[in-house]
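Before anything else, here is the set of structures, which you'll find just below.
What follows is chain A paired twice: with chain B in the first complex and chain C in the second.
On to the complex of A and B.
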């Protein structure tokens, strides 16, 4: 932009990330570990171990898709709220959003194969549950069959994931186009597209989480579950964005993103960790208080010795830790503190998803070993590899973003 | 973000030509320093008549007892709690605007925070009156607080969400009041410095010795930020706890886990609608068009549209889960809402809260002052019905069909509600008469960064990209306070 000439600093906005070296090797190693762990899970044990592997695949496939959607949500939110501060860093969530189609496809494959092999969703998908003449007949499940049936389930997954992916790609494309063309056309287009995307996303994510996670325990229901999942998605997405930015800065990139931007990201992580807790607590407390068996069963399972320590750890990591660490102003402006908190919270939300998935799938056969750690590392490797590849294809700054100048002078 | 690097794309927050700091003070203090005009007197007379009605109906209730209301054995909680929740909800926008928008550096809040906070305080006062008036024996109102006493086993039940409510609301009221009053200090001292005689003495006491020194301003900034930090959780907590009055129960239609955030969203929705209702009139009658601009109006309409949609998602989620749960009581409660004897209340709620805000997707509508004003009232009608639907339809047909009944309000119910609106407007009009309706000091902060004249200067300097200048000029067309001539002059 012409007006950049009077800046004190001159930034190289055409700077591109070079994906090589340690980052590339480590992400490939992660993928390899993942493949080994999944193969081990499928091939070396009995039925229960296969189910456990599927549960882990679902956990990480969902987590992966959530983080990529959070990238798309972040970008759209910046456009709709006409945010200036974030203009210099949007390429990172854009790259994450760019990986959404792959994540979505992977999740779809996991859901479909799990469903057809009887390893996932058998609580509602098993033969005979909806047949009044079958000994397995389940009146409650039969009542939900219009919604919870294999074709409808898969169709919804395809429509939702497809819609999110299409918007994520088009919005990112317009932004890349802006680098070449300048002007306000891309900005205006993206403003509109983002508004439409947010409406679609807002109305469908609750159903998406009812489908993908809540239906694992098909008798149980909670109206809050959708927003609870959204809170987890948003916090983990913010952590990934922040983590990538800090690591890029450490590697010498993104000179125009400074501690003021990190401070804002830190505030968002702090605030939305509290929001996550608020939603978590409201759901838990209301169910505990009214004490109706069809609802308490969910927390009863998570209160058994098998899960109880994890249940509390979840709150300590995802609430107590960010509140105590990030409440301090300076902490939010320090790169190393942010790296620590982001990694901690990303592990914390893995645990959060673990507690959503495991009690309703493998239950007392849950584990924490090669399959869990390996699958998680595999997906982290895959995410890193794909996102950083995507990131390396474009300039790291949206040089012609109309609010870039505001972002460069952001000060809090 | 009121830096000199603000993008030219951002619409001006102060319009008008040759506005100086002195001009801002003069414009805003005009209603405080002069005799009120006819419009104010008409409004004040009507509002006080309403307040009188309220005094009469509440006194009648105290004299006769709660039997004066239309309650019966089945519906033991109806208009009182509906009105209470309605007022508390309206009281949410003030703190959201003053605290959350401050934390998010939304500087358009500076023109609207003062009156929004004032209306918050008055709305919470109206809500609090219901707490006392529904007790039957209001002279025992202090029993809701855990005070050491010698009445034997009398102690509050901390398991009851109603007790949490007493704490939540009194905390909210206190913090909002402190926040509002702190913000008022520099402006009260402006009134003081220009007044003479007794008026000067009174405003002098009210200004807490504000002297405008650097130190005073520093403390002011720190206090504002600290209070914003304290208030932000309060925005969530108050209506969360109000929602728990219902959601902790086992009544179908009340017990649902989404209630806390859904009530908060609804509260912000109705609060902004009330701010819109008040400000649209205020800017016209008091000539504040240069400070409360079309940008403010449009932004508030966008917030109303967003929060209305969030409430819509919650309605749909509730309905869906009522079916999905397979619980016949839950499903019946919702079928009864939509198609039972109170179907009209349900569909009024749906139309006003979910459908009507969607009209704001159209630029023409969200930039039309008359339509925005009407819709802001429609929203609050809808939000009243939301509470009525939740409360009465769930109670009137519960687990015991032999006890099913209808609720019919008496004239006392109606009188107290209409009267409380009178109380609210009386307080609000008194506020506008004696205190600056716009935060003078905070608006002045924007004069050198976000005003039209500043933007004109930037454009004249010639460093702005031409297409951005065009974009800016196009955005000005909707402003009723900017003439086409002024737009043409920008180059």
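On to the complex of A and C.
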């Protein structure tokens, strides 16, 4: 058994998470609720209800993939910046990244079936939109058809999410190999891979979000949309990482992760919540200021009575709340405060995605009921089940990580 | 009565200095301050240093910047010379956000630098106050107020035991003026 002495403590780095009991039961119950809700949505209503179910599947499939790729992004970022503080907790985002292939496949299935059944993306994929002789001819869509057509769309989805998944798997594999072999080889390899991954990820995530979400309202476009989506991805990913760490600590694991590491995660959540607001506002203000009808239509729809309260609630949950709660130093170091903020922000970013997806798909037929809550619970259950299973297969700390010692002595 | 004002234990190794602090505290000898060329983790807690009040200053500067930004905008584009820009009302909040935000950050940043300089007596052309010149180079200094702690022999031996390279008895607080 590997041990490490640190002044008075001895840590057992080969400790493994045991996935059983309440966590396992609850995640399976979540999956079951999800299946029931989706089946109810598909089978019990007319075509509007099917479309609403697809919109929810897209929302949660995208959210799920975003959170998993945020795990891969976190791991890669730590390698490229050669960070020491995070070495002891990096196995959690690594487990999330390990689920990315499943999430990507699921999102691909949702996008493809939605596209072919005409429930998603019909705004640009419908027959006749690009045919000048058709009565349905749409000049704007025809102008975008070089980029926005079914084969190119699916190809991009496969290439982008495939690339993220492959990098996530290889980086994790090298890290697990390090546990057995030691030395610097794995670390150096991962440094290079991470640098390549970050460049690919940075350039392709905006396009990926243009495809997956922005093309739901294909007449409208915003160059800020990609960064806005990245900010949401990163904040929600950080919240999930923090939440898992705090809950594992409460269950008696991860003794080497202390309030200093939580403080750093809290600072990241605080800072990137402000970044999210910054990008959200930059997109809003430019459109508000120039006041061009083809651009303002996006906010006009979200200003309709059925969306307006949610529009404001989005800003309150995702900006005002984290700023006021996390501004104090001590708040970032308290486990219970972090649990509260993370849960709040995860609900907040669900609402954020809801406001991105719903006005462009179901519009005034939007709802908040069994389909919404059930689908969300289903994906939360699936994510929890897959991530915790992944986590339980390897040691909770990378025992031979070159910066592990620095992580143990981290103090701020 | 001796003319010594401060006793300085000069260490070559930060761990030895930390050990020295423990030794002195065990013997109820109060420590005036410590000076090190780099940050030492955990030293604030050990010396019982109170949390910095710099965040309070930062908040005050930030509020000043915010109020200045809003006042400037209000005076120029609402009160003094309202203009029609794209048919929008003169007092439109989204307009106000960027300038108020930037001035908040600017006042906050400059104000904190000024506070830092003021607190540390650092002004252009002024000799900085330093109790031991090598504390900014390669030595770790424990300073003890010699008027409060008069058992010099004991202090000397405790510092030496802990690994001090030098023990200085200074008659002036700051050496940098000499």
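Here is the rule we go by: the second predicted complex is superposed on the first by the 405 of 412 C-alpha atoms of A that agree within 3 Å, B and C clash if a C-alpha of one lies under 4 Å from a C-alpha of the other, contacts with A are read in each partner's own complex, and residues count from 1 in each chain.
Rule of thumb we're sticking to: a contact is a pair of C-beta atoms (placed from the backbone, for glycine too) under 8 Å apart; a residue touches a chain by one contact, two chains touch by 3 or more.
Source: prediction; values computed, not measured.
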Joint occupancy of chain A by chain B and chain C, clash or fit: clash
First, second, both or neither for A:133, with chain B first and chain C second: neither
Touched partner set for A:227, first chain B, second chain C, both or neither: first
Chain B versus chain C as contact partner of A:409, first or second or both or neither: both
Partner touching more residues of chain A, whether chain B or chain C: B
First, second, both or neither for A:10, with chain B first and chain C second: neither
First (chain B), second (chain C), both or neither touched by A:85: first
Chain B versus chain C as contact partner of A:144, first or second or both or neither: first
Chain B versus chain C as contact partner of A:289, first or second or both or neither: both
Colliding region between chain B and chain C, picked from 110-118, 146-154 or 164-172 after the shared-chain fit: 110-118
Chain A positions touched by chain B in one structure and by chain C in the second: 289-290, 409, 411
For the chain C and chain A complex, residues of the former touching the latter: 41-42, 51, 55, 86-88, 94-95, 97-98
Chain C contact footprint on chain A (complex, rising order): 281, 284-285, 288-291, 329, 409, 411
Residue ranges of chain B in contact with chain A within the complex: 1, 3, 5-7, 9-10, 103, 105, 233, 236, 240, 244, 247-250, 255-261, 309-310, 313-314, 316-318, 320-321, 324-327, 463-465, 467-468, 471
Partner chain B, residues of chain A touching it in the complex: 1-3, 6, 82, 84-85, 139-140, 143-144, 147, 183-184, 199, 202-203, 206-207, 210, 219, 221-227, 267, 274, 278-279, 282-283, 286-287, 289-290, 292, 294, 402-403, 405-406, 408-412
